[in-house]
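Consider the two complexes below, in which chain A is the common component and chain B and chain C are the respective partners.
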Partner chain A sequence: MLLVIVAMIFVVSFFSDDYIFTVLFFANLFAIGAASWDILAGYAGQLSFGNVVFYGIGGYSIGLLSAYFSGKQSSLLGGGSSAYSFLANPIISICVGIGISMGLAVLIGFAAIRLRGPYLAIVTFMLGIILQELIVIYGKYTGGEFGVSIPDAFANARFSFYVSLIAMAVSVLALILITGSRYGLYFKAIKDDEVQAQATGINPTKYKLMAFAVSAAFTSLAGSIYVLSYGIVNYDVFSYTTSLQWIEMSVIGGPGTIVGSVIGSYFIQILVELLRISQTYSLIIFAVVFIIVIRFFPQGLLGFIKRVLRWK
Partner chain B sequence: MDVVQNIVSALVYGVLAGGRFSLIALGLSLIFGVANLIDYTYVAYIAVAGYLFYTVDPLAGPLLGMLIVVLSVIPMALFVERFLIRPLKSSGNQVMMVTFGVSLFTQYAISLIWGSLTLAVPTFLPGAVSILGNITSMQSFAILPASVAISLATIFFIDYTRRGKSIVAVSQDTEASWLVGVNVSSTMALTIVIGAMLAAAASVISAPTIGETPAMGWSPFIIAFVVVVFGGLGSIKSSVVASYIYGIILNFGIVFIGSQWSDVIGFVILIAILLVRPEGVLGRRASR
Partner chain C sequence: MSTNDVLTISGLTKRFGGVTAVNDLSFVLTKGEMVGIVGPNGAGKTTIFNLITGFLRKDSGSIFFDGKEISNESPYKISLSGISRTFQQVRSFQGLTVLETASLPIVIRHKPVDRARLLELLGSVGLSGKENVMTSALTYVEAKSLEIVKSIVIDPKLLLLDEPFGGLNVHEIEIMTSVIRRQRDEGRTCIIIEHRLAELFALVRRLIVVDFGQKIADGDPQEVVKRENVIEAYIGKEAKKE
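This part shows the complex of A and B:
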């Protein structure tokens, strides 16, 4: 299924222009975010409303590391020392971002052990807001509301798109493999009935932490790519609306399925673009679709498609 | 002397803040604390009430406007309860999701109708008041007695009226309540409706002191949530007490540490309560 999608996109990309590249670029990033959220919430049952923090960490890793260590001029912070310039290397920065995100994920995971449903949701939600504020409070070091610019951003929309496509393909593939493996089974077991899972010998703590870490890693990757492409990162990158969008995309596309999340994000992203007449209209329709899907189609779009296919 | 003044300031503003917090927490305490329903629509009620009041106030004046607004959330609450919450009640997560969708929808709808710029509602109580050397506007101060009055009314309703007691009964044991003749579905609807009305009232009363933005429901919701958990689920009284304590703690934080840390403080308190003492100050265990 995934190969089909990737192939289609690849083909389409040859005929496209910058505008479409940008749309698909975001669709890819959102797909990573939505899929990562899904493995955490749809599979392991940990409803995190604050996944955006990992996205932001990924973004700021790139931003801050390049600002401080690349030796080149960058907005408010100046070039810093070029002695450690290897740190500004995008690959290293991405890895640092992923590392920090996974660390934070484990911490959150520890809290998640004791927190059910809405409590976890609210706590993670607030975490995003807190981080946003902390960025502003320590603006001297982080560039605050104005952000940090990266001297070596991606050249053009086409390149960004290809990078995002590769990242999406890799991430989604990895996630599919994980969910297909015994770990995926463990996650589902924990979501369905934690006590039962424990009785069967599955250590819920260990696997909850794992789910968080995995989710964080890929989300962080998406954040890094976003910043590398745009060249600027500010506190908006921690905005809770991103978390919400992932949730909407994943739920609409098919909660508990990785491919569903991908479908969901593409669907939504394209819908949003088609309805560019007024951005607010598209958001409302988005929300209405969300409500209808939860109420009537708990399996999401993917479930709907599967049912249609089965009819034939 | 300066330190004493600061402490007094913190206490005064803390109590005032507590009044605001307890008002906004009442509805959530009822829906979430007493009836144990996870309802994100609360966010929407706050925003809708605020914006409706903005529209109605110039036409009908503040008091009548308040009445109209509080009454108009009733159909909204009934609709949500009947068509979205009731059919999905088996899965708490789905209820959470669908009401979350409603809150988003409302946010977008509001920005469509009223635009996304911050709107201001004119104050209807002019003047300023000075308490122990600390100045605050009459409008802000008036929230306190209003809050106390409404809180007492709600507590009275829950503890002493038949309807109120049936709400508690249904949340404790639905089947048993049904067996003794309580109309469960209408009681659930009642819970949501009263909760929504309380949220609307809180929003309207504080409206002149806060700007109206489409996303304005989230911040009060989080405060209400922290307060309800802090006080302990299941008891309106404990939410009220907790809100004053929280208000004071928060203001001590603001006075001595700096106001930009206020959200962080709230967050820390929330985490601390949830992990260390989920029962809150006095109430039911939060992590059920």
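This part shows the complex of A and C:
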């Protein structure tokens, strides 16, 4: 993996176009989003349609903590307290976002994840919509439809790309370590047969919550990096289409593999950019590719690559 | 309650709507005993297992395991306390290998995995050389054997086998009998639900017969099956007259 990253940095160092860095920046962020969805759904079998909630929380943690505590914004929010300016530090803001996301995941999980069935999918999906509404309703505190801008955004697309690449590498490595550990076994056992898992001594609620909290944490990190790069966050960050893209990337790349999510994310990001005619066509292409992969490569692109390598 | 008692069930009752699946059931299981539970279809046998293992909540009565009331505990806690079970319909972890499945009960208990012992156990049920095969690729009997291995790897204090011979052919039943006999000879406390009486009688020295959720007989298998109420429950009054 380290080799891949080094090779990638070497290759992109020849590029000078911000456009390419921006495409790859999103490929990295969405790889984190897709891999985070994968540990929850691909491993632990818990379907979430609204993981973007944590992406938004990560983003707003950066935006709001900066607006309220950096002391650099007169801002529409009337912020500027310097007594707690440490909270506006990006690292602290990222950690706050991760903490809130994990807490919320456990809270939602207690209500929805203990039940078998589509409850988690419904709750997460609705929560994103509710949060979007709340941001508009409480615009006085959240920046409303215009959002919140931060003064200390990353300087350029190249730097953003490098940060996203490191974040993606760290996240994916951590997720691979978790899924390769005893916890990965528990997740898979729960996904395959919850009753048998219980009869084996596994507490399904505990480990489903754990998978959800881990998924929320890394998704939140991706959201924070997005806002640190773009310098602005508004309620669009909670758009459910982002969640659906992560699902698509994970499934196309190879569900239940983590690495497949990275492949899926890069594949789709690059494909969409190559075939960019309009937003409408890109969605159609998404759908067609999705159907082809599910029909002919149920193990995703990673499964296909493995099969090709075995043939040789 | 004697210190040798592993399981003490008293007045256990479970209703599903208007149907009483288990009705005022009481029995005591002592250490090292292997007991068979038989009864017609729908008599409540599997419900008894589901009540003991926490998958169903009782309506009344008590279940003491190892001196502790367990009837309000979660299934996973009951499993961790030392009760292992198999299911009537084989349940397997399709995404795990044979070895991963067999080692899972050990891993969740934070105990060291003795690979050699696991391979030996797998070999004893005809799964040697299959340790890295995905469980989804196993035959029915192999999946059933793996379920037994998974149940015994942690040396449970109580083993519950739900129709271990169900769906097996004569040769496979022989293998399964030898696996269960080994458990008996090692002094494993065990309850077996089974319809195949001849094979069951070769293993157990005590038989509990249930009908409509009630215990109608409890004793030596050869003696119990001759009782009038047991014959009635199995083949009906009219048939008995013929």
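What we mean here is this: the second predicted complex is superposed on the first by the 288 of 312 C-alpha atoms of A that agree within 3 Å, B and C clash if a C-alpha of one lies under 4 Å from a C-alpha of the other, contacts with A are read in each partner's own complex, and residues count from 1 in each chain.
One rule holds for everything that comes next: contacts are C-beta pairs under 8 Å (C-beta built on N, C-alpha and C of every residue); 3 or more make two chains touch, one makes a residue touch a chain.
Model, not experiment: these values are computed from the prediction.
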Contacts of A:196 with chain B and chain C, given as first, second, both or neither: second
First, second, both or neither for A:188, with chain B first and chain C second: second
Chain B versus chain C as contact partner of A:256, first or second or both or neither: second
First, second, both or neither for A:204, with chain B first and chain C second: second
Residue contacts with chain A in the superposition, chain B compared against chain C: B
Interfacial residue positions of chain C with respect to chain A in the complex: 53, 55, 74-77, 79-80, 84-85, 87, 91-96, 100, 104-105, 107-109, 150, 154
Chain B - residues contacting chain A, complex: 38, 83-84, 87-88, 92-94, 96-98, 100-102, 104-105, 108-109, 111-112, 116, 222, 225, 229, 260-261, 263-264, 266-267, 270-271, 274-275, 278, 286-288
For the chain A and chain C complex, residues of the former touching the latter: 182, 185-186, 188-189, 191-193, 195-204, 256
Contacting residues of chain A [partner chain B, same complex]: 47, 111, 114-119, 121-123, 125-127, 129-130, 133-134, 136-137, 244, 247-248, 251, 278, 280-281, 283-284, 286-288, 290-291, 294-295, 298
